[in-house]
Amino acid sequence: MKAEELQQIKEKVEEGYLPQWVVTDPEIYKLEQERIFGTTWLFLGHESELHEPGSYITRMMADDPILLMKNKTGEIKAFLNSCTHRGTRLCTEDFGKKKTHTCPYHGWSYNLDGELIGIVAGNKVYGEKMDKSEWGLRPVPRVESYQGMIFGNLDHNAVSLEEYLGEMKWYFDIMLGRSDGGMEVRGLPQRWVAKANWKMTSENFAADPYHVQTTHRSAVEMKLTPTDPLYASFGHQVVLSDGHGINVITSATGKSANKYQGMPESMWPMFEKNLNNEQLDIFSRVTTFVGGVFPNLSFLSSCSGSEGTKHNHLQFRVWRPLGPDKVEIWVWYMIDKALPEDYKEKSYKGFLATFGAAGTFEQDDTENWARIIEASQGRMSRDRKLNYNNVANYLMGLDNLEPDVKFPGPGTAYPTCYTDHIARSMHKYWLELIMNESRGEGCGD
Amino acid sequence: MNQGVRDVGTDLHYEISQFLYKEAYLLDHRQYLDWLELLTDDIKYVMPLRVTVDNKKETNLINEMTYFTDTKEDITMKVERLYTKSAWVENPAPRQRHFISNVMIEPTSVVDEYCVRSYFLFKRSRASEINTEELFGEREDIIRRVNGEWKIAQRTVYPDQAVLTVMNLSMFL
Amino acid sequence: MNQGVRDVGTDLHYEISQFLYKEAYLLDHRQYLDWLELLTDDIKYVMPLRVTVDNKKETNLINEMTYFTDTKEDITMKVERLYTKSAWVENPAPRQRHFISNVMIEPTSVVDEYCVRSYFLFKRSRASEINTEELFGEREDIIRRVNGEWKIAQRTVYPDQAVLTVMNLSMFL
Amino acid sequence: MNQGVRDVGTDLHYEISQFLYKEAYLLDHRQYLDWLELLTDDIKYVMPLRVTVDNKKETNLINEMTYFTDTKEDITMKVERLYTKSAWVENPAPRQRHFISNVMIEPTSVVDEYCVRSYFLFKRSRASEINTEELFGEREDIIRRVNGEWKIAQRTVYPDQAVLTVMNLSMFL
Amino acid sequence: MKAEELQQIKEKVEEGYLPQWVVTDPEIYKLEQERIFGTTWLFLGHESELHEPGSYITRMMADDPILLMKNKTGEIKAFLNSCTHRGTRLCTEDFGKKKTHTCPYHGWSYNLDGELIGIVAGNKVYGEKMDKSEWGLRPVPRVESYQGMIFGNLDHNAVSLEEYLGEMKWYFDIMLGRSDGGMEVRGLPQRWVAKANWKMTSENFAADPYHVQTTHRSAVEMKLTPTDPLYASFGHQVVLSDGHGINVITSATGKSANKYQGMPESMWPMFEKNLNNEQLDIFSRVTTFVGGVFPNLSFLSSCSGSEGTKHNHLQFRVWRPLGPDKVEIWVWYMIDKALPEDYKEKSYKGFLATFGAAGTFEQDDTENWARIIEASQGRMSRDRKLNYNNVANYLMGLDNLEPDVKFPGPGTAYPTCYTDHIARSMHKYWLELIMNESRGEGCGD
Amino acid sequence: MKAEELQQIKEKVEEGYLPQWVVTDPEIYKLEQERIFGTTWLFLGHESELHEPGSYITRMMADDPILLMKNKTGEIKAFLNSCTHRGTRLCTEDFGKKKTHTCPYHGWSYNLDGELIGIVAGNKVYGEKMDKSEWGLRPVPRVESYQGMIFGNLDHNAVSLEEYLGEMKWYFDIMLGRSDGGMEVRGLPQRWVAKANWKMTSENFAADPYHVQTTHRSAVEMKLTPTDPLYASFGHQVVLSDGHGINVITSATGKSANKYQGMPESMWPMFEKNLNNEQLDIFSRVTTFVGGVFPNLSFLSSCSGSEGTKHNHLQFRVWRPLGPDKVEIWVWYMIDKALPEDYKEKSYKGFLATFGAAGTFEQDDTENWARIIEASQGRMSRDRKLNYNNVANYLMGLDNLEPDVKFPGPGTAYPTCYTDHIARSMHKYWLELIMNESRGEGCGD
């Protein structure tokens, strides 16, 4: 990777372009693995997924298998899911409950705190140098939570999760902290593999309400969404720190036909107790929250169902890169614990109808994500000298939008969601990280 | 499933397996409106998640979360959508093929309703892609005879993978 | 293909599907001369191209260009060639397997001639290669009864891929 | 296998093919003890090697070396092992699927014993692996009627690959 | 790639050897992508494939998807098939007819000249900096035709197509320009993927009549071709410029049993009108033309059918590299528009019987191509120091053949087709290109 | 591959650790291909597999296809299975018998000594420079045998096979040379592909009796093996030269319930004739020999069947690397020619029940090998700076075991098999080779 090539990306990004070759370039991908996925906060799961002491779930941080366990004191710990003896994957299950995890190769066993507690014939065969306490499971260097959302970070020196989330916390409070008892994950995440680049899918959620009018036009044809191509633009696109961003979408009137995203009135007192006035104001007028936490966590809080009987649902999704042209999609459906069961059911049905592997909205997204890959693998699209003007266009709102200072929420809010402000800020942060040689050094090949 | 017992006999097995093949044929030829006709109005069409769990657990299927839990209305909506001008995912249409085998039929406590198990191997070829997509597993149906015509009153699709390797589930299974 | 209607019945379906399985068996065991016996002298054996086109087009099959358009004579020549000492492509012979399923039969306007649709999944394993080859799609046959014996009077092979992922079409489908 | 001749008829074919499907179902649902019941005590269960040889050789199967040559006792041991606490290979259990097709049946010289040929496509999905495993080929069984119940008296599994692409043969085929 | 390694290839090539390691070497492959496929003329299609204004076909130039459209004025234009907004593949169809191509992601639309004509909500959401005229589809830098054959070149500074084809034009005139109305492609090209290296398949057609006697011996056993192992050697192998070449095969007598390759007499006056005497002389005596345009276009014009009732057909084929060990084969069948339908049918049947995925000749070729790959991936075959004499043999005709100055056609003609002259010239040109650092620079990873 | 990285591996290895990243690292893999598989003795087959003049078998040396033929004089020769003309794989069969091998591409033919004996139309088309004698099949530089075991080496300058095997010969004599007539391979080797790294599988056999107590605990549950977790530890682990090693496993008493591994008494006189006293002593007391010849040949000589009626069998296996995370497993079953048929049958059944693709012991091994790969592909496990203590543990016996000088066999014998001495010596030799730049240089990409 030549320095001038990165330099040139920088110039282009500042002008509102993205060289097309960076999408699928293997060298860029390696830098991303090292300097982004090795040093930023990656979502692991929600506290509601671990019910009691001994509960465990297995997740991935990029290519590292991770074992999350709730210990006796109710603390959640995360470890590399690899026996310290010879590296064997300790647990291949998705979830369960165990007091002890025993490795199938030589029988070493670990407790809920990842401590090595059993070595077959240990005392007989090992000598002095073998000190059990040194051979516990390798902990994920940093594990922190906010509003029940558990994140891990491979970088010992990373800033705290809360500092990293920054003003996104204010919006998480609305989506995750509004009701007593908080949120619960329903069942397990859906998982499937798509032909896509993780940057493009992250952008698609965090920064691209503009695609709704065409990609999801079938919903218009089906009379499920307004015909006005601007319908997804109303509201604010809010640029946050470190490549995070959120779109607070409302209607042309600035109001939502369904206050509090169609939540039943029985819940309103809770909201009014748990949220401040600015949060309530936004929450009362928003139709859809859609955004992302850099690098690869996206979320969508929207209403489904026919007008009048809209039901809100919240989904979080991780775009786990399996290569420059492949992602493993994880989708968690979440809902307020406090809601009545029948509402939960309707909300769940609304989610399934629109998103997830079989969702009608999602289907067309996957087609577009695949097409970006297909057209970004040749010489014309990959030429690093940009001889073919092979740059993508992120000019929307570049020189014709001013922040709306009256927007009640934190972050820099622009008075429309049809703008590329968040995308440009994601590119800048992405580039800052991959150009920073001090990050994630030590990573192999 | 003890042998021979509650056996439905050759002719009924033929009728119902033919029904399943014709259903697959309609799907593979994108005759979705005709296919809709094969579903009862009260159909339950569900695809749970498959997970990896310790064998001590009684099942490795998750019903609490599914890929879809559709009523006739939901399915109708999906079908109609495929006929819009902007259902990009299937225009141009990928080629799909439902290989149906291992059809096993048992009567139920309800007259004219049969429990039909079948294995499916689904293959899809998109545009000029060299790599084709694949999905496989088992289907458990309730097939009902309604004025002399067979209908699907219930279908549960059990995928065999914990992580699906199709880019979406735009197909019907 | 409305249900039940023009149904050929269990026995005939059994006879003809068995005929297809036996045909596949002969091919998979390289008993090509016996296989030839199953073809009528006027057989039309064709494999059109599959393409990717806008759904507005009535078909995504190209008949103007095909992978083969063979008469009995053409097929006989190919079979005889496979018995020469220098048909390198199949000596040593790869292992091939024709998985035939979803057999659907309808009478035609001609007595003793039936329109038989089947799905095929073809797999081939060559030498010690780790990667096996695969081809899949649909076959539309005319099966004719000639003095009590079934024969293939016509076969059209519809591949599901626009770009075939077999290194050649040395097999019969 | 000349046509029609020594044909076993629709009903018997139905019975035996259903038996094979139910057998596959038991395996795919890990009901191994029930599956054991389907085997005669004198069963011969063998899987020879497939090799690549000049077509002049009369066969490309090696019987001198096999992947397994099991008696009922051997199989029982393997089944019981799968129920131990430390049969790591299948705990957590991978998902397996036996697609059985092209079932062909012929009477043998022994009353109540039939020679049953079938094609198998075996698929396996392990944990969260993206890549699934696959094995395919042909089975040649002797199916025997023992006091009104069908049993497998002999099974020879012919793989189509010279190098198997499954990480082990912990499954029954 | 060390300079001395290229140097050593050079020495070997000059002696008539080809180091076996270059066949499947990934570094060589990258150089080929960059310096050959990025800078030479690649075949895209035939004008007869685009019938009217709005007609389009999609093709590939190595790994770049290309969209060819016939515009209102009947001009054929070629563009990178990638929306300039975010790079989404614009058209995934093989062919069709449209006035406008609209992108499924955000709805940008382009006309037949590749101009961006529609941006959803454009005026509302984009500012000054966004100038539509700058965001048309990216044109393939050079697109030129000869005798209806459309080629594209990614190198802006490439020599003209006609200059590149050079004396090959003279032979194209015979095969493509002989009859009034020219040639037409029947249907669409067959496409399939084979285990092969593009250089070996190109050589196989352009430079290797010698293989016919063994690879296609089954045709002899079937009594379809002569028993004399020299039968494919009669005639001339003609070395042309820039790695192009053609074999003009005739019979032992120097005459063909079927004048003008078995074309019906009704066509002869046309030939005599459209071709000059030298061309007619060759055309009247040739049984088979087989050759290639560097790098990966091959052609074969031959007669099939039983003696006496031979029918001529012409096929062009592209060996699109999908890696060092994989090619996507495209085969176009062409025939003179002016021919009577029944002749066309017979010719077509003759083509199918012998070539294409199911052709009996082609089948055995694919087996050999795969075997070259299989034996060229280990250390002994790939050793760059050639410690194992791992070089292929191209010595045929090296020191025992003089050009036949009396040959009526252009190029350097050798009096037999059993010689490696064209192969050696292909190697020299191939090496000249991959050693030329100024070519295709700017290509990424 | 940075020098300090190799240096750091060295330090860790000396302390009894193995950095986890070396297991699946592609750069390490390339070094292994070049400096280990290109320069050490690789097992090709057993002399009993080639019955008579003209008999041939095809094998692989890493990625090179090899053709072994028995010539007229009964000599076994090994060649690159690649036609010298254009590199086409000459023979794609697994075994057979032929006087001549003819290439399907252009018909060149070779005799049993690999000499080029036929060139179609050779004299007519080739000139002076073509000297047939220079174009014979390329011989494997070194091919040598010991006790019927045929090995090949790609390094012309390698030490002799016998010198390389060193003291392993003494143990081979017991397993292979004990009976008159020697051993015979039954049928052909089983072959299948597993998700595993070749180093881990080699270790598993050569150096890891410790895994038996857990990996194969199901055998304990089945009451086929003793319940004492130490049961596989009794006896000696013997470290030999150049990364070779063998475990001589016996019982707690130091005796075997079945003298001479349950061989019938009829064979004993032979043993006593063919082996010396020390060999007989060991052979009489051993229950299982398990070990390996570096790099990727493993062997196991054990007894199966129920107590009292134990039958011995011998298996050799090659772990052919197909990548850092994939091996092609070859398993040869061998048995003494001199044994009675019914014993051979029982022995064979005992082998099938326990090992090979369907063997109950082997099944659980494959699961563990796959799990090592799965947990060794991310940043935490692959970090080259070892920031996550991502090293595997080979401390067993490091500081608490002294060699047993009274052990009758050659090599350094430790008085238990539950120790990592052989593993550590394998790592040291492995590292010595991959750090040695003079080895295997000349290997491409």
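A, B, C, D, E and F label the chains in the order they appear, each numbered from 1.
By definition in this document, a contact is a pair of C-beta atoms (placed from the backbone, for glycine too) under 8 Å apart; a residue touches a chain by one contact, two chains touch by 3 or more.
Fair warning: this is a prediction, and the values are worked out from it, not measured in the lab.
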Set of chains whose contacts include both subunit B and subunit A: D, E
Most remote chain, CA-based centroid, reference being subunit C: A
Pair exhibiting more inter-chain C-beta contacts, A-D or C-E: C-E
Rounded Å distance, subunit C centre to subunit F centre (Cα mean): 46
Distance from subunit D to subunit C - Cα centre to Cα centre, in angstrom: 26
Separation of mean Cα positions, subunit F and subunit B [Å, integer]: 49
Subunit E residues counted as touching two or more neighbouring chains: 92-94, 104, 191, 193, 214-215, 217, 328, 364, 367-368, 374
Where subunit C touches two or more other chains, by residue: 10, 52-54, 86, 88, 92, 99, 101, 121, 127-128, 130, 162-163, 165
Chains that touch, pairwise: A-B, A-D, A-E, A-F, B-C, B-D, B-E, C-D, C-E, C-F, D-F, E-F
Footprint of subunit A on subunit D - complex, ascending: 86, 88, 92, 127-128, 130
Interfacial residue positions of subunit F with respect to subunit C in the complex: 92-94, 104, 191, 193, 322, 328
Touching residues (chain side subunit A, partner subunit F) in the complex: 33-34, 37-38, 60-65, 80-90, 92, 102-107, 120-121, 124-130, 135, 138, 140-141, 154, 156, 440-445
Complex contact set, residues of subunit D against subunit B: 10-11, 14-15, 18-19, 21-22, 24-26, 28, 30, 90-93, 95-101, 121, 123, 125, 127-130, 132, 148-150
Residue numbers on subunit C that touch subunit E, as the complex places them: 47, 49, 51-54, 57, 62-70, 74, 77-78, 80-81, 84-89, 126-127, 162-170
